[in-house]
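Common to both upcoming complexes is subunit A, partnered first by subunit B, then by subunit C.
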Partner chain A sequence: MFGKGLIKGLQITWKEFWAQKLTVQYPDEQHPVPERFHGRFILDVDKCIACSLCANACPNKVITIKKQKVGKKQFMTDYIMNIQYCLFCGLCVESCNKDALHFSQDFNMNQYFYRDLPLVLVQREAPAEPVDEEAPAAKAGDDKKAKAKPKPKAKTDKPAEPAADSEVAAGKAPDKEGQ
Partner chain B sequence: MLENLFVGIADWLRSLLGGLGTPGEINEAIVMLAKLVAILVFILVNALWLVYMERKVAAYMQARIGPNRVGPKGLLQTTADIGKLISKEIVIPKKADVVVFLLAPVLIFVPTLMVFAVIPFGKNMAAIDMNIGVFYLLAIASLSTLFFWMGGWASNSKYSLIGSMRVVAQMVSYELPLVLGLLGVVMIVGSLKMSDIIAAQEHTWFIFTQPIAFLIYFIAAVAETNRTPFDLVEGESEIIAGPYTEYGGMAFAMFFLAEYANIMVICAMATIMFLGGWHAPFGLDFIPSWVWFFLKMYILIFIVMQFRWTYPRIRVDQLMGFGWKVLVPLALANIFITGIGMKIYQAIGW
Partner chain C sequence: MLRTQEYFLNFGPQHPSTHGVFQIILTLDGERIVKAEPVCGYLHRGIEKLAESRTYTQVIPYTDRMDYLAAMLQNLGYVQAVEKMMGIEVPERAEYLRVISGELSRLTSHVLATGVYALDIGGFTGFLLCFREREKMMDLLEELTGSRMTLSYARIGGVADDAPEGWLDKLDKLMDEMPGYIEEYNGLITGNEIFQARTKFVGQLKPETAVNYSLSGPVLRASGVNYDLRKAKPYGIYDRFDFEVPLGENGDCFDRFYCRVLEMEQSVKIIKQAIEQIKEVDGPVMAKVPKVLKPPKGEVYHEIETSKGIIGYYVVSDGSNKPYRVHVRRPSFINLGYLDEMLKGYLIADVVAILGSIDIVLGEVDC
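On to the complex of A and B.
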């Protein structure tokens, strides 16, 4: 029949008129992100052994790791990602032996100033003495026990500011973003 | 009370002026002026609302939300847009005919406003109840072609020229089926007076006795207002915006508002001629007559908007072919059948 297609078209638009709207009004509401989304990185500092495998795996040399020797152990002082060069391929996350590096679901990494762009995951000063983990070993000798005493002192010596920075960078304090 | 709201205001104004002791003619002139100003405000407010409604309808048919940031529910969106357009410069092309170029957007509202003077918005609510109302309306409404042509010609731009040539071709060829479609109704009523036509539809709307005429009228009317699927005139994807290409700022806004005012005119006309004007259906008289009029008008406007977001644009040859080879013969056949039917009814003695 002539005009059948025209009426069918009107029916479709009429049905669409009452249909569920798909718009997600972004800043107010967010679209759910897939589970394995490649967002901002999170580093579990306690698990990390500063092996630099991730830095070697990176095709763009995004990751800069600085470490110092404290006692017998490597102590990581800086873990900074020049995120503006990152292509979020995930090779660093895959290469991590200790399962310390992860992706988060946070994709909002824009900054007002260029200098704020690098993602500072860790920035701290090395303690003068070896820390906690060596405490059981320290039981062996009395002289070592005496050395273990300044441990808490070393901790308090740590400047508070870099700690806060690393917290922001690790995505633990998203409200401080862009400040 | 509500039924006679606007008539009551007019009477109150008249009696107020009568109390001042001025001559009767001047009083009438002042009342008439008040009516025309009221119509002007009505047109502008409705045009603002229609732009918003168009965007909302479009968004809803595309599973979007549409404007919802400016004002409550985005209602002030058009106001903000107009505010922006007013503040913008009107760029005049180098070799344009300046006088005609600037005159076109100024005059584009004139035919629309003149047409609204005869439209009865409710019981006894026509500013002027002319005895040749329908004829006057059709004659004036087709004048707007001239202003589109003025704008297109004066812009000195190829897109404007092509667009305005299309306006003339399209409006002239669709004016004919439009008038012939309405002729069936006029034949039955035997009058060109709007109030007579509405009175004749007290029991049966003409959409039921003249369905083909309604279809022809509605299609031709959509073409008359340059709406999709007949928007070759503006054709954003091929000739930018047709006659409006070179216009910016408020000059463009005037064309834009006039387009929506024209949609109102054709839908109001369809309501008067085919949907019983301000008559309430099913004896629902407790709702005022002007509310019914707007309700019918806005249903038709919604359908016109739905057309726009449903159908693609047709080609020029399809447009002309459809107008001259389908609509005009159909309208003539409708007139012929209506005439025969009337004679038969007279012979039977209904």
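On to the complex of A and C.
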């Protein structure tokens, strides 16, 4: 009979009309995020030995690691991820031998300005070496990085900044863009 | 005598029914199509070129981005090609996880194809119902792999991670419910008279032509050619499962659509068998492979059956840790080859029906 299919379809639609609603009102409620979710990265700085395995495992060269020699040890000063190029494939997390790099369940990585996009996991000054005389001269370049660190503030004290951080860490380069 | 003039119409690139950025330059005589010229390349990212400067493992995330609707199957084709080249033996449990996640990927792709086809023809409810199940499947894939679409789950020598606790039971439960859902699709979409009037005997494809144009996947099988690589040349462990290859009769839009619906049933069957069998298999999910992969000099071609058709990976190694060349035979691209002939003589409203029935994904067409 012609029209039988249409009636059956309407029956299904009618049934589904009264079915349980599956959508949630997003900002107020959220679906649970699974444990393995590929979200924002977390670096356990104490575990990290700055071996650069993660940076080499990355297909898109997202991770920039900078280290400095302090005494006889390597000291990591920067660990910056250009998250806008990240594929979230998990190869870096997998490559970590020390179990230092992790995914978190946080998926909200939006930024208002392009310059805020790089995910700065570590940015710090190398500690003063035991030999004190050399320290100030060696750290001159490093001071700039430290100055640029509190990023949200960068907007307010802009006039003083641009000259200072002319060429800083790779992740900071887009700083000028937002002016 | 009244003379009419042919005219051009651009279908796309910004048109929702092209499923991406795809253009067809139509030459029309009134409402009839005289000539259709597909223009692709709007989504070209040069994945084959990118692969040349990546190591073998690093290519995996890029394969995701071709057919992002069934990413696991794309991963699988590539890793199996490299494994074939290096002679790596994959652990049993990993093989089962590959089949499960692969078939789940196929299901998500087919559910989307079914729903979106309903939308193309003009039925909105069918689309929503299909997306409801797709969401459930993607949640499961997310639990397994951490991503929803670009999974990057397969690794050379196994899979990234074992299934989390209780995951297989959840999957089993969904697979028990699936036949009921498929029945709903059939009631809402397949049985609908308007849908049938729009799709039956439209865009018919003869089996010989389909073979000659080297079409594959549901497009080929809807014409009645029984060729499914999972049966014809079983790769992985597909010879252990009992399933059928659904075939069409007329090779029209309806058959191509219905072939996918029937294939969903078979995928559910395969997953259920795999869940049964994986319970007895324990062990690692990753073979012992060196950290730096250096396949011997040579070349390999490996093809598997994805949701769109046969995907083939041609990998050439020069002995270094980076592939010399990775070429992909993309089913969507090749299935598009017959579009011009298929559209000829039909009305302009049928363009969407015919294009939708081929089920292309533009990430794969343009690579």
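By definition in this document, the second predicted complex is superposed on the first by the 110 of 179 C-alpha atoms of A that agree within 3 Å, B and C clash if a C-alpha of one lies under 4 Å from a C-alpha of the other, contacts with A are read in each partner's own complex, and residues count from 1 in each chain.
As a convention for this text, a residue touches a chain if its C-beta (ideal position, glycine included) is under 8 Å from a C-beta of that chain, and two chains touch if they have at least 3 such contacts.
Source: prediction; values computed, not measured.
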Partner chain in contact with A:6 - subunit B first, subunit C second, else both or neither: both
Partner chain in contact with A:75 - subunit B first, subunit C second, else both or neither: neither
Subunit C versus subunit B, contacts on subunit A by residue: C
Touching partner for A:35 - first (subunit B), second (subunit C), both, neither: second
Partner chain(s) touched by A:14 [first = subunit B, second = subunit C, both, neither]: first
Touching partner for A:22 - first (subunit B), second (subunit C), both, neither: both
Residues on subunit A lying within both footprints (that of subunit B and that of subunit C): 6, 9, 12-13, 16, 22
Partner subunit A, residues of subunit B touching it in the complex: 57, 59-65, 306-307, 309-311
Subunit A residues within the subunit C interface of the complex: 2-6, 8-9, 11-13, 16, 22, 31, 34-38, 57-59, 87-91, 94, 103
Touching residues on subunit A, where the partner in the complex is subunit B: 6, 9-10, 12-14, 16-17, 19-23, 25
Residue ranges of subunit C in contact with subunit A within the complex: 54, 57-62, 64, 125, 129, 132, 135, 139, 142-147, 150, 152, 160-161, 164, 184, 187-189, 191-196
